[in-house]
């Protein structure tokens, strides 16, 4: 009965890529812990690069200067 | 001082329904644990059906084929 | 297919109280949004009062001085 | 290797304010726990005032009547 | 720079199983979104079966009667 | 009415350090967004180094070999 929350930046993740993340995570929980896929939830959050910080700065700024 | 996070799919939840979820959850925490409503936070997240998976697939796809 | 996370302080919540929180939240999501209870997850996190802050201070300290 | 999630209402937080939250939080974790800024993630979620409840009511309604 | 949170029941997950979940999730994010493993965080939360509800009841009770 | 969740490894964070994290975060939200400290929640989660992964491996293993 797992719940998985995947948070990534909102940089053009396609519907197909989301499907692959959901399928792969669900399979992994079945393979490793024998968790029933019908009871596995995967929720993807896409976060603006203005709202995600690392190294003390916004990703939106790091990508500009980097 | 509870914090409650309710995550549902973004399938047309109305402002009135959100109000009922907030009111009901706050009341429940008061009834069961005597928690002060003034210090109870309820946050509702609405998630795209492309971003929510169950059974290894996206809800957006399951609803189409189902 | 809702996921609800309830976070409260770890101040002696009994198994029966947890059952009531789970039952009540699940019922609320059915009543308000017609969500299928079989697909509603409720997860309760109990947090130490040293680890929960409000008003800039730990709850463990506020209760001592309060 | 901390992960910090800041949830606030979506009431016009500017990019500069977000930058200050990220910088300040990262600095705090370095000052208090000596955590490496390069490995500190800060994610800001902005939540609609219809979706945030306190005192059993929506913030959007409280601000109207208040 | 993904952050993944995996929540499962605390039913004897071994250190090796945790390692496989971390490795598999990190690999998946690299394969699907080309995310740098060095910047991918995976956090596993183990939740008591008294604290996890589905179908309106505690998992600890369902397993007894089931 | 902010809610802040700080997740760090459970490597001996003292009560005093937690107090500083709570105080500093609350002050930051007041300074940057003028948020009322009385309505600011800060919750610290301490996570086992077996349960936290980065670079595809557990922190507990990285520290051993590193």
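Observations on the model:
The chains carry the letters A, B, C, D, E and F, assigned in the order they are written, with residues numbered from 1 in each.
Heads up, the rule we're going with is that a residue touches a chain if its C-beta (ideal position, glycine included) is under 8 Å from a C-beta of that chain, and two chains touch if they have at least 3 such contacts.
All of these numbers come straight from a predicted model, not from anything done at the bench.
Counted by C-beta pairs in contact, the busier of D-F and A-C is D-F.
By residue number, over half of the contacts seen at A-E repeat in one listed pair from B-D, D-F or A-B, namely D-F.
Note: centroid distance chain C to chain F, computed from Cα atoms, is 20 Å.
Contact with two or more other chains is made by residues 1, 3, 7, 21, 25, 41, 43, 52, 54 of chain B. Within the complex formed with chain E, the chain D residues making contact are 1, 3, 41, 43. Those residues of chain A that touch chain E in the shared complex are 1-9, 13, 17, 20-21, 24-25, 28-29, 31-33, 35, 39, 52, 54, 59.
Residues 7, 47, 50-58, 60-61 of chain F touch chain E in their complex. Residues of chain C touching chain E in their complex: 15, 18-19, 21-23, 25-27, 37-38, 40-46.
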